[in-house]
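I have a structure here, written as structure tokens, and I will follow up with some questions on it.
Naming follows writing order (A, B, C, D and E), and every chain is counted from residue 1.
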Amino acid sequence: MPDVVLEPRTLVEGPSGPKPKKRLSRRNIMIYGTLIVICLYYLLPLYVMVVTSLKGMPEIRLGNIFAPPVEITFEPWVKAWAQACTGLNCEGLSRGFWNSVRITIPSVLASIVIASVNGYALANWRFKGADLFFTILIFGAFIPYQVMLYPIVILLREIGLYGTLWGLVIVHTIFGMPILTLLFRNYFTSLPEELFKAARVDGARFWGIYFRIMVPMSLPIFVVAMILQVTGIWNDFLFGVVYTKPEFYPMTVQLNNIVNSVQGVKEYNVNMAATLLTGLVPLIIYFVSGKLFVRGIAAGAVKG
Amino acid sequence: ATELEVTHWWTSGGEAAAVAELAKAFDATGNTWVDGAIAGSGGTARPIIVSRIIGGDPMGAFQFNHGRQAEELIEAGLLRDMTDVAEAEGWKDIVNPPSLLDGCTVDGRIYCAPVNIHSWQWLWLSNKAFEDAGVAVPTNWDEYVAASDALREAGKLPLALGGQPWQAAGLFNVLTVALAGPDVLVKIYGDGDTEMAAGPEMERVFQAAADARDMSQGSNIQDWNQATNMVITDTAGGQVMGDWAQGEFAVAGEVAGEDYSCLPGLGVNALIDTAGDAFYFPVVDDPDITAAQDVLAATLLSPETQVAFNLKKGSLPVRGDVDLTAANDCMNKGLEILKAGNTLPSTTQLNTEDTNNQLNDLFVEFFNDPSMTPEDAQARYVDIVKSKD
Amino acid sequence: MEPSISIRDLVLRFGAITVLNGLNLDVKQGEFVVLLGSSGCGKSTLLNCIAGLLDVSEGQIFINGRNVTWEEPSDRGIGMVFQSYALYPQMTVEGNLSFGLKNARVPKAEVQERVARAAKTLQIEPLLKRKPAALSGGQRQRVAIGRALVRDVDVFLFDEPLSNLDAKLRADLRVEIKQLHQRLRNTMIYVTHDQIEAMTLADRIAIMKGGEVLQFDTPNEIYNRPASRYVAEFIGSPTMNFLEGTVDLSEAPRFAGSQATFDLDGYSFADRPAGGPAAFGIRPEHIVTGPEAAAKPIRFDTRVDLVEPLGSDTLAWVHAGDQSFWVRMDGQSAVRSGDSLPIGFDPQRANIFDMQTEARL
Amino acid sequence: MEPSISIRDLVLRFGAITVLNGLNLDVKQGEFVVLLGSSGCGKSTLLNCIAGLLDVSEGQIFINGRNVTWEEPSDRGIGMVFQSYALYPQMTVEGNLSFGLKNARVPKAEVQERVARAAKTLQIEPLLKRKPAALSGGQRQRVAIGRALVRDVDVFLFDEPLSNLDAKLRADLRVEIKQLHQRLRNTMIYVTHDQIEAMTLADRIAIMKGGEVLQFDTPNEIYNRPASRYVAEFIGSPTMNFLEGTVDLSEAPRFAGSQATFDLDGYSFADRPAGGPAAFGIRPEHIVTGPEAAAKPIRFDTRVDLVEPLGSDTLAWVHAGDQSFWVRMDGQSAVRSGDSLPIGFDPQRANIFDMQTEARL
Amino acid sequence: MATDRPLSLFRNMAAKIAAIPMILTAMVVFVGGTFWTITYSFTNSKLLPRANFVGFDQYERLWNSSRWLVSIENLMIYGICSLILSFVIGFLLAALLDQKIRYEDAFRTILLYPFALSFIVTGLVWQWILNPDFGIQFIVRSMGWESFAFDPLYNPKIVIFGVLIAGLWQGTGLIMVLMLAGLRGIDQEIWKASRVDGIPAWKTYVFIVIPMMRPVFITTLVIVASGIVRLYDLIVAQTGGGPGLASEVPAKYVYDYMFQGQNLGQGFAASTMMLLAVAVVIIPWAMLEFGGKKRG
């Protein structure tokens, strides 16, 4: 290193190097302490559910819901999954599981496809009146589901889809549309507009740009939408039961039946096991793709 | 064999066992009962049933409380006219009391098949609880009220009452019948007699309701059968609930008269109403299903089915000509009253669901808010009666 | 020969805001036109109108004599290069280049051939299999140019293609674009707000302001004979120096300023100038300093306020009374802040503007 | 006088990556130092270390003789101005200026007085009640400077403050910053990768590369006697021309290139240069053209490849054999692509670098 | 040749066709359904919708109903508390997680997982934990503190806060993620500037960062507020509206009257009031927020 003329070293005193980082600094204790306490609070219900679902009824009746099981039994899980009765059907949740899968997959796909196309059209192809429709959609986000129950029954009847799986898919698509469209629109708006222009100059049209340019760039937001929809649709009870028939009843109908049909005493352990079993799919999705979820939201979902 | 989907909300232990009897009988005819149980209550199940019918994809049959609930569906021509089956089976002659069939009749045509009689007017008492409290098992409402302090002291809840609105309203209506008499009830609900509603008889009922409110303070439960369970486990002195509670006692293995006592009409007016469940049959295109519907209707009222079903359900059969030797103490009490003709129409027959719903709201509020005076409650009661149609 | 691009009375509004206001422009075949103007003056808007990416509110656009006002961007025979490169991030360079061709259903063999040719022209052959994320800024911009190149278009549109690059790269790519134009001889329209780019690249420059074209002429003409004071100030760094005063055209043209009065011998006036209040403008590099100044017809004795040594040149900010000047001197100049410095210049090198209309006299 | 800022053996690592590697730097009181280097060389990192925004991995930092290595940024007596302005968007200009003071519990009257003074210095008084969103880029940057100004700090740190502005504004603000420095005489450290800014603003420039300081000297020295080939190439636009060949120091120093061989009369060699393979560098503006070229000791007959008229100057890219040169000529030059052009230059003006070490001979 | 301005209807044809599902949903379902609802709110429909108009009778009855008034009051209390608390808690959690901490992923997942569970499940679990006979109250008492009382679900005065506890537990994770995303979007130089200015972190958050997160807050607001208005499942699962009417909410009123009470007209009147309230807030706001500007 030529030419760097240093002053005589008269100054070399006092601290040097990195700040001594106390692993247990007050600040760290506060932060981690708070976080751990909060996390314990958030985990408490899950803990109660798991613990209870592993106890036998006598043990539950003795009290303390927070106490760990003295004798672990998987009986309640077996019962919830395969034996719990609803009316005459004593197959537990297993009966509804595949229905839930059959409902969730097409509903999630359809609602995401439609909402993403909407968001894309709103963000990049702003036609006259687009804002109006969007405002109505946002308004729709606030309409209580119950209000729309009958109008939609009539609608589905008129288009001949009442009672079919596709009718239910349409209903899920409709009610998922407001929030998903908002997310997709915000995301697509945050993508550089020049890309869209470049593609138009390159001769791609509406669908070409959507499929070839936009979709490949939008993995994060698709993950967000997927997670939101899977959760929402999997957990839905009302639509599943109102717009289909027993052959399609989702798992939540069984859950409702198990939880609400009290046979003598409430079998809390079975209820909890059933609850956990029903929540398992969305829970797994959260635990697996939570990271992508956060990234997706950060990637533009919140840029209004 | 035709598959017939039947929707109902009988999912508690006793109820489910009873439904199984229906299904067994129906399956024995060579058809298949497809069970479409929806747990919860009529509130959960009804919109589902109605949606299915409006949506043009109805189930084969469904359960309603007979009375005015299905009126509009019938008027809209969505439900089948079962008069032919009724005539072929001679329901007119066998259904007892005959008023039951009136609930199914619109413009002279019969639209439903009643399956049982459920009466509300029962007080269930835990013998052991009173024993623990050191008082005799009461034989009427007043004794019961008098015993409440002793029960409290013994750490028992005097009166178990679930939090669901219909239970509160039911309790009140039972008190009305017992304390003011059936005529009052029929006048008020049937004729919308507001003077009667505001009158001194009802004042007394409201006072009694306030007593009941005091007695029920501290029931942290929602479902009716949890309340029943408190009586079964002797943690509560008693419960006012319809005869379906009987099914719970039965499932728990309790013996009437020994473990528990029952007082129809609260031991004051030994009367029972004739509410009940009935099956309706939506109009469908498929002739196979129509045929199966006819079979089901007939099966429901067959003597064997009636016996098997009602024993499990704890309700009374709709025909007087069946032999219920297996019936227990309480059931026999009911049968006797029925035989004696001491019946009155049920609130589901007298009121629209709308009125019942308003009554539910009023009484659930009353029973849960000790600051609401009986006078205030009565004033609102009069308003509801005034606006009923 | 008919103009390559011809814009007639173009009006563009965004809601209530009129961004382009009755703009007319004719670009010759093979010409390199630069649109220059300050931020927000409507350059990008105009370019987007030509490309068909914005729907015009009024007026018409012709490309090679064809009215394309309502045609799709891809049918207009244009290629466009953007400031942010706008490469499709999920495709390889090859994919980026061929995307437009595939959309136009060009046969596969031809696609390959054209991509190969473009890649060769731009020397990006080794990059063909990479994704844009793995490219440097300069390489990305080259790919973006390639994307226009493969499509064999008549007209290239550039929207500040070099703004995101650092100075060194910018200079290099500027030369490459210039060479590309010399080789292809396509019509090119190039938006920038960098004067150096404008001056070096353009056959003609259109100076824009508030959605209008103020002057459309060769760089030389714009630099030396700006049509208005705005143009004069806009072009040149440091900016032109102005003396305010009055022009008297009654006899021999004279300029009377607050500090000095002098003859305007040799100044080439525009057609029929009127006299009156005027601004006399002289560029910093047309001012000579020190001994040479004495030989000039107009002279000031100034004091130096600030010196900016650029290495290659030295700029000085000097004043005489309340009149300040930027002066450009040799890079080796030893002048210092506080020195006194005689300066001088020729009226021939000056531009005089009317104070009201701002137009060149 | 003790140095204003003194950096000793500064090491900074991000995880496994060492960004600054034992850096030393002494800045005098009141000096304007510019850190110049290409993107990613660690300029911002160094500045952030000085400001206390990054915890150093090793080494010490002194400000006015005080060891501040572990002090909080606000206690170091520094003010900082950022590229993105970093104004608090929801506060008025006044709020932005006074927020730090209020927080330090400066009495209200004094806050007002200081804000007023800073606003006056920066001529932003009329803007005090506006929010940043209602300001232009230049105004925003002035407010950002004001925020440092009100705090009466000893040292100003600037991180590319002008990069987000357009050329014209950049030039204006550059002058303002220079004048501000002349008035305040604070120590200022200024990061940029714009050479013009560096050359005009700096008392001394530190050229950085890969987390090290390559040369720390006055602009003039750096321009005319770059310590290494990297520095020479980095500074100056167009870049320095190089002829590669061999330096023979045995007798009279001679340079033997592929095209020509010539004496190095008058070249001032560094202390003890070795001969051998070397690059002979000459800046474009030190090359004379046309008839004058004949008088120079080194001459080439070249052909013009490309002409870039800048208005004030004209650049030409010429070649002789396989040796190319950038040449800078007068703005009025009529040279055209394809012309032949004799050029010439002095070895005195040249810089010769060792081919291996890249150091100046 | 495209010389003439084409009919504006046919510009962007593909976009319009692609937007048909959205347009249909908006117009037929949301607008159509709303008008249908409003229309039938003026009838005395019972079990089936019938066009038997009775003027404002349903509304009169609605506003005379103490249950409706209680419902509105509850929704107000719940809504305001839930909005404030979920924003405050969500933000605080996000700020905590934004401190460059280790195991951020784990913490985040834990805070977010309740969102995967339905309100039904949430309501059940919390009903249980809050049950005085074997939940928290029982535990605390059995630890020796006999007079401890915590039975929100059985105390009409505070039952709505019992619901709030569960609602927040379920929903704050999502808010936290949204806020975290917003925080990560803040220009790092702002933080540096405030540190140089010597502004303490909390002040930077309150006075600088939060005001900068407006877009995030808006998206969050839409999500939270729409959830509040539709509050139903949680109430049903946790309290069933009880004790008494103490935790009734409008959506439940609508549902109960439409289906339990078989008085569609009344349910529709209640819905109309809800929709009206939402429209009054949403439409002007959405116009401002989404209309006018071109992009984002």
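Rule of thumb we're sticking to: a residue touches a chain if its C-beta (ideal position, glycine included) is under 8 Å from a C-beta of that chain, and two chains touch if they have at least 3 such contacts.
Bear in mind that the values here come from a model prediction, so they are computed numbers and not experimental data.
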| item | value |
| --- | --- |
| Touch-network distance, chain B to chain D, counted in steps | 2 |
| Chain hops separating chain C from chain B, counting only touching neighbours | 2 |
| Most extensive contact between chains (C-beta pair count) | A-E |
| When chain C is superposed on chain D by its C-alpha atoms, the rotation angle in degrees, nearest 5 | 180 |
| Euclidean distance of C-alpha centroids - chain C vs chain D, Å | 26 |
| Separation of chain C from chain E, taking each centre as the mean of its C-alpha atoms, in whole Å | 54 |
| Intercentroid distance (Cα basis), chain C paired with chain A, Å | 53 |
| Chain C, residues touching no fewer than two other chains | none |
| Residue numbers of chain A (touch at least two other chains) | 149-150, 205, 256, 259 |
| For chain B, residues that touch 2 or more chains besides their own | 47, 54 |
| Residue numbers on chain C that touch chain D, as the complex places them | 38-39, 166-168, 171, 175, 178-179, 182, 193-196, 199-200, 219-220, 223-224, 234-239, 283-285, 306, 308-313, 315, 317, 328, 331, 337 |
| Residue numbers on chain D that touch chain A, as the complex places them | 2-3, 6, 8, 24-26, 55-60, 62, 65, 67, 69-70, 212-217, 227-228, 359 |
| Footprint of chain D on chain A - complex, ascending | 1-7, 9-19 |
| Residues on chain E engaged by chain D in the complex (per definition of touch) | 187, 189-190, 192-200, 203, 207-208, 211-212 |
| In the complex, chain A residues that touch chain E | 31-32, 34-35, 38-39, 41-46, 48-49, 52, 63-66, 114, 117-118, 120-123, 125-128, 130-131, 133-152, 155, 173-174, 177-179, 181-183, 186, 189-190, 193, 205-207, 210, 231, 235-237, 252, 255-256, 259, 268, 271-272, 275, 278-279, 282-283, 285-287, 290-291, 293-294, 297-298, 301-304 |
